[in-house]
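Mind looking over this structure? Questions follow.
Residue numbering begins at 1 within each chain, and the chains themselves are lettered A, B, C, D, E and F in the order written.
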Amino acid sequence: MERVDGRRPDQIRPVSIIRHYNKYAEGSVLIEMGDTRVICTATVENRVPPFRKDTGAGWVTAEYAMLPRATGVRTPREAARGRQGGRTMEIQRLIGRSLRSVVDLPALGERTVTLDCDVIQADGGTRTASITGAFVALVDALDNLLREGQLSAMPVHNFLAAVSVGRVNGLLALDLCFAEDSAAGVDMNVVMTGDARLVEVQGTGEEATFTRAEMNEMLDLAAAGISRLVDCQRQALGETAARITPVDPLA
Amino acid sequence: MERVDGRRPDQIRPVSIIRHYNKYAEGSVLIEMGDTRVICTATVENRVPPFRKDTGAGWVTAEYAMLPRATGVRTPREAARGRQGGRTMEIQRLIGRSLRSVVDLPALGERTVTLDCDVIQADGGTRTASITGAFVALVDALDNLLREGQLSAMPVHNFLAAVSVGRVNGLLALDLCFAEDSAAGVDMNVVMTGDARLVEVQGTGEEATFTRAEMNEMLDLAAAGISRLVDCQRQALGETAARITPVDPLA
Amino acid sequence: MERVDGRRPDQIRPVSIIRHYNKYAEGSVLIEMGDTRVICTATVENRVPPFRKDTGAGWVTAEYAMLPRATGVRTPREAARGRQGGRTMEIQRLIGRSLRSVVDLPALGERTVTLDCDVIQADGGTRTASITGAFVALVDALDNLLREGQLSAMPVHNFLAAVSVGRVNGLLALDLCFAEDSAAGVDMNVVMTGDARLVEVQGTGEEATFTRAEMNEMLDLAAAGISRLVDCQRQALGETAARITPVDPLA
Amino acid sequence: MERVDGRRPDQIRPVSIIRHYNKYAEGSVLIEMGDTRVICTATVENRVPPFRKDTGAGWVTAEYAMLPRATGVRTPREAARGRQGGRTMEIQRLIGRSLRSVVDLPALGERTVTLDCDVIQADGGTRTASITGAFVALVDALDNLLREGQLSAMPVHNFLAAVSVGRVNGLLALDLCFAEDSAAGVDMNVVMTGDARLVEVQGTGEEATFTRAEMNEMLDLAAAGISRLVDCQRQALGETAARITPVDPLA
Amino acid sequence: MERVDGRRPDQIRPVSIIRHYNKYAEGSVLIEMGDTRVICTATVENRVPPFRKDTGAGWVTAEYAMLPRATGVRTPREAARGRQGGRTMEIQRLIGRSLRSVVDLPALGERTVTLDCDVIQADGGTRTASITGAFVALVDALDNLLREGQLSAMPVHNFLAAVSVGRVNGLLALDLCFAEDSAAGVDMNVVMTGDARLVEVQGTGEEATFTRAEMNEMLDLAAAGISRLVDCQRQALGETAARITPVDPLA
Amino acid sequence: MERVDGRRPDQIRPVSIIRHYNKYAEGSVLIEMGDTRVICTATVENRVPPFRKDTGAGWVTAEYAMLPRATGVRTPREAARGRQGGRTMEIQRLIGRSLRSVVDLPALGERTVTLDCDVIQADGGTRTASITGAFVALVDALDNLLREGQLSAMPVHNFLAAVSVGRVNGLLALDLCFAEDSAAGVDMNVVMTGDARLVEVQGTGEEATFTRAEMNEMLDLAAAGISRLVDCQRQALGETAARITPVDPLA
């Protein structure tokens, strides 16, 4: 049984990560995974949200949105409807939480880094592409602080990337495109570090269920995909990659 | 090392499920897991949301809220702030999605069942208690339709329950209370069917990561806990439980 | 002519007041009047709204809501609609204003007590039950401050309770249940102190009018009902009741 | 003891009612009571709200607002804040409900009359002036329908006016101006028909209480004031007044 | 070819400017241009918006609204809809910006003057009437500060008025009434100073276009109209007019 | 005196128009003017807004937004704030109105074309770039309908482009970049057709004024700039350009 775009079950789509895509942001990336395109920008501000005040530690947060025609049918603009939908909130909470797992927040100091992930074109896997791209934008923004002498060491201790995996017509497959995602009975988003530790696992049966064996097989696929994505990040970051020294932030 | 309330790592809190808690709703339950208390009501309406119109199939959805003093410090009312927060949206989407996995939506016909889960007192695990309780309210509401002759068979094919599990101070533990949840480095919510198939797995490192081995151990704990919760549901439902014939809805 | 539930015109429904219903709130009550059930919690915060800043005096305010299935037909959640309705606002203003009439606000100091009244099940008279129940929760919360030495005397000087009365099919009746309320041409909510002084009188003709004689008769019924409700409060409060010394706060 | 503006306790302020103040509205009035000025317009639309559909009967509703500088200190615009406040909602519900008490809604047919009451300048008693003025605008709008042959009889069966009364520094006084209203311990708004039947009584102790005797005295003052206001309405309406035949709508 | 109300192409409608229309506002005007009537009030507050803080300079801003029956068909209230529409925002930004062009903001000091323009009746040209009227209210408010000794000189250096002009059925005409405005293919709003300098030109083809020659002719008409409006302002202001010394604020 | 980026006063920035930028939209363009980049997509829907129903004619409308880091300092997301700001509304109204001036709406039939203009990077002139780019996306979307046989002729009769012009430090200059725009005392946006007719002129003094002579000079600059932009559009459209036959839609 073949995939809709001819890929092998364990094959991710072509990945492109363009750094410095925006002239204003402290870090910025255009990430493409197949036809999914997301602009990720990192903004550094010298303040923290109220609940982090006077802790000495920083914060990393994210916002996510799709342009109206990122999708096949035009999606009404959330600003026009006057509120962000549940899906948007869920995704931006996921992105922020994932990135925080590899950042030494006390070392960041009382700063907030906001990752804006704006989907220009959506063809499945927008939330995982956002995490993978936002990681690079975040590193670039922090590297700026480092080079300006505002930080003494890179507060990111590990690579971080994300990928989707799912069961489509009975077949387990990696990095679902939109056509596959729509047909998937089970859909799982996995976020892992560069040394293959889990950060987030969100497996969902869509009017369906799955077994522990399927879950394990999906995690294997995801681990392989994330490993390849981390390679892409490393390549895109070039020399900057070396500043991410693989130390567990909890150590 | 002991748990804050003296439980064994694989022990759930005392469970109480009171049916017919509300005189108006088609199904209603007060569920208590330790000091967490949730009122779950099921409302049946003879219409479906626009995206399900003219499909012949029904819909199951959920709304979730907490009373202001469900929590130690008063939480401002979402109605007064004018919008539901991201956490609320995320939870109510999870509840609805989970329940849909065990309902034969075409057999339900063009009806919507809305599960309202209102947390009266929160002591950890409110979303999982909501799912476990809402399942019973849903069965009662559908059983009503069955007895009124509006349905010819119970469209629920499987039991469904949920529990949290996490890593607290290095120890993996089942059914976290609030004190444990606040201290947890890893937190996982698991939704499973009565025959131990997975419906949702949401594992999250809170500024932390976890290994595949830990993940497997947590899933084992969750499976055991859910099995006990399904026993509680079965006992609460009494004779009605027999109408849930364990057929995979995908078969 | 008989009432729908067989009561005499001057008879209130069975009353139950359960204190300490919630483990977090400084004061909390589950009040039942017939099938109407309201959870009232009192929250004490060491700050006052902007318009009371630096006056040395405190504030008492209230919020009111109904669970979606408190009613026969599901009422959409105000948080989901994004705004509180006019009825909700009117009721919560009434509750707060009524309670303030028996509190010595300067003696309270720069603190705010928020009474949250959440209707779990509605069968008429939810606003009056809220006032009657919230009074007890308020006293408990202030008694806590007293016992902690934060106050030197109970700042509540008088009992306070509320009841509805109305003209149903030409008959004047006390404490209307929902069926009566729906059929009532005239509906009056009365709030009185323990020594029978008036605090609020809100009499309303629903596409109807009423005479001064009817008004007087309704006030007599209300006074009798409130007297019985104050007895219930006194009994529920036990020894704490003695701290409410019946001094007019204006004296 | 004298009133702030030298009036006797039972004296209302100078009243002016200018009809046809607006060239578009089916009925429109500029009412002045002392320095309180309200523009009341009546709009007739050939539809009813959803809850009145297919009943054959009509509806009367009201909206109320204040211009920002109707008040001594500028009040932020509700449209800019994005929501109507509780006071606004309470008042517009009161105006609509009061007017409905003298309208034969079935005779009106499936039409909605919306009374917009916009306070141009506020010096106390804006809600009662709104009712008194809106009544005249309503009659004019219905008289138009009558003259166009769309109605066969005036569906208004009774005059209707409103006034405030209160206890200011221990003195009971009629038609409070803003300075008195601010100082009032007790404030009561009374709506009555042309034949002295009660429609609404809203008596409120502001951190104070009142006795039955005071209540009765206040109602006497209100009745006298409303009688004079009905005279003003009658005079303003001229010949049109004759079409309001004093038949009880409940008869 | 004649205009709908018989005016010559270069003729403005009768203008009336009544000062001190409101007893609370620091400056207030009722302006009428034909059947268009706008209440303009000026409020002075001793603070500036955040983006002007600590600049030493003041700010002038405006808000605009229409009463529901300012229009032939009732316009729903923006406060009830929960947001101001695009037209409202556009107009109030225009009014504020226009007035700022003739105010010496540094000389005003850290104060904000808010011009509220509320349209009581709309018959075309409400935004231009708002500007013309608000100018007078602004001058009165600042003159108050001057007389109180809070300012040492009038910070308004030039008269300012506005008028509409357009192409209706091929004819260029000044000061369009609503009937003309609805039929206009081209509509232009012009704001000018007392010495005929341009402040704003907003020319718009409504599904139509216009030539440079037409544009010039329209500007000529506008200049003539504004000159007459400034005369009306001067006359209305009486002696106060002399305090506006025609110095370019940029000089 | 030189411009900040070395351009001559009458020189526009380098323009790039990339068609088919998005794989879903019926028409889509990435337009760049210097460092300003806007994605414009055109969506065709077979319905019209309520106010156009049953007229047989179509509608063209626009929405505009900026990504948070389109700007030097991060701009909070309007969806998160819950409302679109005045500037956004003003701009999207301008874009829609401008495009309608060259579309034969009756010939379009009961369809709506929505132009979404999302600013990826802002360096001045985003509204004019949006118009220039949206025109091309619109033509592509309509050309699709033409080729599918849903339209018999291109309903766009004229080219349309827009440019800004202003007075910066006393110098009149074309196509202002952000640095110039911030320093501009006068700012004018001009929209013209391919045959040099005016569609919109919005000239604004920012706390400044301008003369008729300056206005004329600015219009000359704008006309020259727009002529060059129309050349760019023509070149980008290639053969499709020929379908735009320069007939005045009013003819």
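Please note the rule applied: a contact is a pair of C-beta atoms (placed from the backbone, for glycine too) under 8 Å apart; a residue touches a chain by one contact, two chains touch by 3 or more.
For clarity, every value in this text was computed on a predicted model and none was experimentally measured.
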{"item": "Intersection of contact partners for subunit C and subunit E", "value": "D"}
{"item": "Chain whose average C-alpha position is farthest from subunit C's own", "value": "F"}
{"item": "Distance from the mean Cα position of subunit C to that of subunit B, given in whole angstrom", "value": "34"}
{"item": "Separation of subunit A from subunit E, taking each centre as the mean of its C-alpha atoms, in whole Å", "value": "51"}
{"item": "Between subunit B and subunit A, distance of the C-alpha-averaged centres to the nearest whole Å", "value": "28"}
{"item": "Contacts with 2+ other chains: residues of subunit A", "value": "82-83"}
{"item": "Cyclic chain order when read starting with subunit C and heading to subunit D", "value": "C, D, E, F, A, B"}
{"item": "Residues of subunit E defined as touching subunit F within the complex", "value": "83, 85-87, 89-90, 92-93, 97, 100-101, 105, 158, 185, 188, 193, 197-212, 215, 219, 248-250"}
{"item": "Residue ranges of subunit E in contact with subunit D within the complex", "value": "22-25, 28, 35, 39, 41, 43, 45, 63, 65, 67-72, 74, 77-80, 82-84, 88, 114, 116, 118, 120-121, 123"}
